[in-house]
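The structure is given below, and queries will be raised subsequently.
The letters A, B and C name the chains in turn, as written, and every chain counts its residues from 1.
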Amino acid sequence: MTTNKRTDGRNFDELRKMEAKVGVVSSANGSAMFKIGNTTAIAVVRGPKKLHPKFLQNPETGRLRCFYNMVSFSGSGDRVRPGPSRRTKEINLVMENALAPAIDLSRFPGSSVDVFVNLIQTDAGTRCAAITAAAMALADAGFEMRDLVTAVAAGLVEDQVLVDLNYDEDSHEMGVDIPIAMMPNEDKITLLQLDGRVKKEKLNEAIELARSACKKIYKVQRAALVERYE
Amino acid sequence: MAKIIREHIHTLLEKGMRQDKRGLLEFRKDISVEYGISPKSAEGSARVRIGETEVVAGIKMAIAEPYPDQKDRGTIMVGVELSPFANNSFESGPPSTESIELARVVDRGIRESGAMDFRKLCIKEGEKVWQVFIDIYPINDAGNLRDASSLAALAALKDAKFPEYDKKTFEIDYKKLTSKNISLEDEPIEVTVIKIKDDYLVDPSVEEEEWLDARLTVAFLKDGDICAMQKGGNGMLSTEDINKMIDIAQDKVIVLRKAL
Amino acid sequence: MGELFFEERNIVVPGDKLAMGMDYLPAGGAFRDGECIRSKVLGILGINGRVLKVIPLKSQYRPRPNDMVIGKITDMTNSVWFAKIDSFRDGVLTVREVPEYIGDGDDLSQYYNFGDYVLAKVLNVNSTNAGLTMKGPGLRKLSGGRIIEVNSAKVPRVIGKAGSMISAIKEKTGCRVIVGQNGLVWIQGEPEHEFVAVEAIKLINEKGHLQGLTELVSEFIDKKMKNVSKKETEEKPKVEEKQVTQEKKSDKDDEEEQPKRRAVGRKASKKVAKRSKK
């Protein structure tokens, strides 16, 4: 990375081309598609329904559950074996933690609200795209939310801070990947992971870059929700 | 099981009508096939829409050793995932019997028809052959996932290109696709005809599927030969039923073939 | 002075800052966050002086006492039926809450069987169940006709102000229609008429948030019904048949007393009855 631009010609703070659509699955209460570059996520909301087995129920509120799924032909290498891997289970959890602060399920005690996200094609940033799509689908389903949730990966490649990493940048041997989710109006972070080696100052720089990127993604999310009903 | 819905379907059928106003032998109007919906990740991919029903399918290829009894032939594997994503009544977890049946019927249509020459998937006899994975994911179930899935699988195969590989190590470079297609000798397409009481229907809705007495899925080749069949449902069929249902299916296969 | 960021009837999404300043007040669908009023649902902004509310475009049904709901019997024990009322709460109907006398050891399925749809009233709600009753005018097992689903946020639109929308649908199509607060709608009529009623209700489900809905639906039904009657005059014998069934229907109207919120419906069906007698 010796030039001022990235391998795909983007500026360091530039996002890939985005596309969002709400209400894409008619059999679901809420659904949304979010595409960023070559990463495509479709999210569907099912529920609230009674949660089984009973010991999983919370008598005070509903439980948000996320089911992230890379379809088997969506990987950039070999076929992805169907069924949940350790990676998938962790992503399900961090997605739930990223979305839970925004959504109020206290009116649905003992229930579960399930968000299924299928990744149709992937080019890095899949958990962030999944969260961004899931937030739109939950809003489309009519749940009460303090805010939307918007996510993007910031990162470093050879000490250069950049945002919305593609696969080449993400898999760069000196690369650092920092997926971040934010509630844009609250201006609070709900997902933060880091994978790589980084100095504290650079981390703050990366978070700032993610913050302004999230604002741009939020505009796309918001427009898609409004467009559905105009 | 809601009797009111069954009675309603029956009452309308007596008058030659269906719940969504279609004719008994009428497919939904908007049938579309879109190729290359996952060009960055899959070697081939397609999306099929029949009305509000939507299915995506993708092809992944790998190099493996051939089966000992088929040293000069590659293989295919078809998978279908019926998850709550597409229909609230599907269960999460390992593939259901229903999804396995669906996958196997699609598999037979392609495998037994001779539509694919498996010898052309051989790289080095007895050592290396191509494995072709066809994975099907329903996105929205508004009825007739069967016909949509078979069409999506075929469309994804048509879209597929072999990836480049190292001639010595047989390592695949998935980033580089060659211009070589999987050669298809024919194009098998399934049409499902269902029977409710004494009536035959095509392109069933979710409710009609729930209340069918019997169904017959027939896969046809271009020249009209049949290459796979599957009777489903708890009801029974006479030889006359079967002949009529095959004729209807053959008549309707044109509608789907046109969309390719 | 506060500042308003949106206009009346704008579509707003969760998190949106609607207004700044303590002189604005949040009502349903909005909340105060420090100096701001923000939206907590995807909906349409309503401004009433200083009060801001957001009317949701979609919502999940939450049972409340006295709601009339359409439930589907999914399970039973020897003293209780369970009905799905399209909520995460089970609808629970005990033998004491049905008009029939149920003897000891009776098989409950003779009265209300698996898969039956019932029109019931919500008695009470706790965190896991909603108690139902079948005792009351019009409450019964539904037979014939069909069931369609609308989002529970659209139920008030389907019913209309003082029942105006539902009356119009009944009157114009000659169908019997019952709207459950849980979003299940029962419709029964001659097939061609039923199709029009179903399409009209689906139209409300899709476009219910638009202004001028009443005119839109009215015009839609009139246009569709014109085609239907054209068809019917082409096949004359069928018209007579239809009149007979409609007269039969009018006899039933008394027992089909509509629940409170839909009381207007009855008058409308009578009008149809009169017209068909002419």
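Simple rule for what comes next: a contact is a pair of C-beta atoms (placed from the backbone, for glycine too) under 8 Å apart; a residue touches a chain by one contact, two chains touch by 3 or more.
No experiment lies behind these values; they were computed from the predicted model shown.
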{"item": "Category of the chain touch graph - line, ring, star, complete, other", "value": "complete"}
{"item": "Chain whose mean Cα position lies farthest from chain B", "value": "C"}
{"item": "Between the pairs B-C and A-C, the one where more C-beta pairs touch", "value": "A-C"}
{"item": "Mean-CA-position distance for chain B and chain A (Å)", "value": "31"}
{"item": "Euclidean distance of C-alpha centroids - chain B vs chain C, Å", "value": "38"}
{"item": "Whole-Å gap separating chain A and chain C, where each centre is the average of the chain's CA atoms", "value": "36"}
{"item": "Complex contacts: residues of chain C adjacent to chain B", "value": "72, 113-117, 142-147, 191, 195"}
{"item": "Chain A partner contacts - residues on chain C that touch it in the complex", "value": "11, 13-17, 29, 31, 33, 38, 40-42, 56-60, 62, 87-90, 127-128, 151, 153, 209"}
{"item": "Contact set on chain A toward chain B in their complex", "value": "24-28, 38, 40, 42, 44, 46, 67, 69, 71-79, 82-83, 114, 116, 118, 120-123"}
{"item": "For the chain A and chain C complex, residues of the former touching the latter", "value": "29-30, 47-50, 59, 62, 102, 104, 107-111, 139-148, 183-186, 221-222, 225-226, 229-230"}
{"item": "Residue ranges of chain B in contact with chain C within the complex", "value": "1-5, 7-8, 11-12, 15, 17, 19, 21"}
